[in-house]
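There are structures below to look over.
Two complexes come next, and they have one chain in common, chain A, joined by chain B in the first and chain C in the second.
The block that comes next holds the complex of A and B.
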């Protein structure tokens, strides 16, 4: 038996260079220090994305866009064995994935892992976050219940009321003046074909960069002499820890999905008055609140344009941070970048809470 | 010496525990997944378990014509013959499963896929590739319709 397995291994190894890969993984090391905890959040995000891909394909087996959309989601929830569980997992993992990407982004920011040579890691990561929020926005409409219908209606009101490009967005994204079956159908195409096709190659690029550049050291660790820095082997030590974290994530996700199954809601009806408390998903709340504040501050289109302008400027600055703070060991600029990061983090939190309070 | 022995047993113990936990996870993921995927097949099976169906208003079916219907999830046909008799048969060809068709002019049941033919009274396979007769049902004309049940 053992010799058979050895023979098979040899056969595979000769053709696929497996032992080289293993030797490589054993030599690869991961830094170990008091901020190591934050290294796991990229992996958690990746795990949740894999959950999304799997549960998404499973939902696709029974979901039908078009006039039957709500009814097919009702069937999944109440008639298909464990359909409620798959759907609940997909909805919960979506939110957890965006949340863990946020944690990952801010930890990368404050550990200054965006500095040379890791700029492309930062930029590709930002792209992945943006695509994730579009995933969330488009997926939210698919059940075509009251909440998703009106939230999409309100959400699209903002970009479509912008001067010049607004009407264009209305025609292309919403497919007309109202959220309709046409909107649903193109959100569906976006959600299951276009976005995955964009997301996966960028994700592969992102992971390849992590492999190429290794884990970044925070400035405080960099300041230490090389002999004093600790590392652990990637394989099996870090790999096992990563696996354990994935298992914890899976348990948390399963617990949430089972204890708080996602609501089916009521079928959308354009002629019925909107229910109370229509609001965007939490990850859009801060942006939504900025627009609201400026809309109240300044009259008409001007306020809205200002809000959109400020928000866009903020994102551009945030993306360009590797160029502004390229490499400086806890010097002037690095400190400015930290203050800017704290300001952004506080701003996002305050605006989100404010947004919910003002509902 | 005894030290090494102990480590080996501890290792084995750990391996058993880990395998057990792994198996639990595999089952906890695999079972719902499997049930989710076979859901429609299960529903079809419970549909197929029906004992009888009532075809409303089918008693008005003209002599020499046919009514296609579903017995559970299974295609079936009700023929009202010119001599006034009623026959209900499976409509799935016993060769490779095509849906068969009643031809009133020749009074046979014909399968378009490979030209199999059945007797329209008994369902017996009379020519072509079909290996078995079509399964008959019991027909009873009742008030307001026709009752078809399993033999």
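The block that comes next holds the complex of A and C.
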């Protein structure tokens, strides 16, 4: 039996160079220090993405966009065996993924892992976060219930209120003046074809960069002499730990999906007035609040335009940080960048809480 | 109903019992399995002359003593308070039948408490042999507390035909032994022993992970020994569980599958969902114990131990919750409903009235709504709350007075083909009382559909 396995291995190895890949994985090391915990968050995000890909395909089997959308989700939730579980896993994994990407982004930021030569890791990661939020926004509408319908309607008022290009964006995204089943069809195409087609190549690029550049060391570790730094082999040690973390994530996800299954809500009715307290998903809350604050401060479109402008400027500054703080050993710029990061983090938290409190 | 009612807003009295009982079980089951673990580990250390092992066992026994003798004992008393307040009828029925059993259990409990203290405080002060004997005495005493309590707990789900034949006659205690060794006794005992021993292993892994890194070999040996303790137990568990499930009455077993295709509120879909948690957490624990604790013990550190303990607690909590749910709509199957109504009293109460034994009606019994509220408190509140757990207001939303009336009629008639037959007790009382309950429930339902803020 063993000789047969060996022969099979040899056959595969000759054709696919598997031993080279394993040698590479064994050769690769992962630094060990007191901040190592933060290395797992990229992996957690990846795992949650895989869960969504799998559960998404399963949902696709029963989901029907168009006029039957709500009814098909009702069937998934209340008729099909374990449909409720698949749907809950999908929805919870989506929220947890955005949350873990946020944790990953801030940990990369504060560990200065965006510095040379890792700028493209930062930029590709930011793109992945942006696409994830669009994934969330487009997926939210698919059940076509009251909340998702009106939240999408309100959400789309933001880009469409922009001067000049706003109406055009509205026409393209909504397929008309109102959110309708045509909008749903477009969101569906976006959610299951366009976004995955964009996301996966960028993700592969992002992961390849991690392989190419290795894990970044935080400045406090970099300051140590090389011989004092501890590392562990990527394979099997770090790989096993990563798997264990994935397993824990799976348990947390299962607990949430089972104890708090996703609600179906009431079917959307465009003729009904919008319910009070309609708000976007939590990860858009800080942006939503900025727009609200400026909308209240300044009259008319000016306020909203100002809000959109400030928010966009913030994102651009955030993305450009590797250029501002490329490799400053003096500590001066690095400290400014840290203060800026803390300000952004505090801003996001405060605005999100404020947003919910003001509902 | 002669007892005053304890109204616990939001979570309901049932969850007060649930939370206290699950907390207590997590510790008391550890106390039972842990006795066996300590005695066997000490025996192995003495046989092999491993003094360094004894030091680890001593530290583990300190943790064991504090957790079981302090938190276990206090929460055990807590259960008595909780069940006495939240479910006096059920508690009364059990005491009348099992007072003798509890008396025996308390004797074993006293021996358990005394020996665990002696065990910890005599490390190095008495001979090794005598110390080990104290350990074994503890293990045996704690096993017998489980043995007896298991009889009472399994009785509630499967009281057995002999006992049921005399139930309500005043002669129940004459069938004490049949009630004690009811049809579910042995499968339940073996399953519980499996759970107790597994919990002992899980908690021991937590202590092992805290052994100083200065003694890597000792730490690895202990972690591996404990992993070897746990894995066979986990592998036998599915068989013990299958045996246990097999003896559950068919009518109750159906609860397992109610949540396969739906999460609709108002039906008992939670049991299926709990089974999902049980499966996922068991496989995870087994995976971590095998791949990390056994195969790579040097990687088994405090975070891994914390995860395992947390998962094991989730697992035991889910198992207990499922066991409780399986008994619905009864406290004692076929005899006493979860709202304290006895099966044999239904006819009489329907004729003579439910409220005639109710002393606490708001403002006397003048208005229909006040009498309806007393009906609600007596017959619904043991499982429902107004706005929190299983919220009446939400479950009735959208129904007008007539719809509430038809719903109550279904509950009152309690026909075997009713969708609620398997999970809800019958509504008892005269037509007037049922009418009064409907009037009260109508006051709870929002007048306009108000799903928005």
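The rule we apply is simple: the second predicted complex is superposed on the first by the 358 of 359 C-alpha atoms of A that agree within 3 Å, B and C clash if a C-alpha of one lies under 4 Å from a C-alpha of the other, contacts with A are read in each partner's own complex, and residues count from 1 in each chain.
Following the convention adopted for this analysis, a contact is a pair of C-beta atoms (placed from the backbone, for glycine too) under 8 Å apart; a residue touches a chain by one contact, two chains touch by 3 or more.
Note that the structure is a prediction, hence the values are computed from the model and not measured.
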Touched partner set for A:276, first chain B, second chain C, both or neither: second
Touching partner for A:58 - first (chain B), second (chain C), both, neither: first
Chain B versus chain C as contact partner of A:260, first or second or both or neither: neither
Which of chain B and chain C A:356 touches, first, second, both or neither: neither
Larger contact residue set on chain A - chain B or chain C: C
Partner chain in contact with A:86 - chain B first, chain C second, else both or neither: first
Which superposed partner A:237 touches (first chain B, second chain C, both, neither): second
Touched partner set for A:248, first chain B, second chain C, both or neither: second
Touching partner for A:77 - first (chain B), second (chain C), both, neither: second
Footprint overlap on chain A, comparing chain B with chain C: 79-83, 85, 247
Contact set on chain A toward chain B in their complex: 58, 61, 79-83, 85-86, 247
Chain C-facing residues of chain A, complex: 77-85, 88, 237, 240-241, 244, 247-248, 250-251, 254-255, 258-259, 261, 266, 275-277, 359
Chain A contact footprint on chain B (complex, rising order): 25, 32-33, 35-40, 42-43
For the chain C and chain A complex, residues of the former touching the latter: 260-264, 273-274, 276-277, 280-281, 284, 287-288, 291-292, 296, 299, 304, 307, 311, 314, 451-453
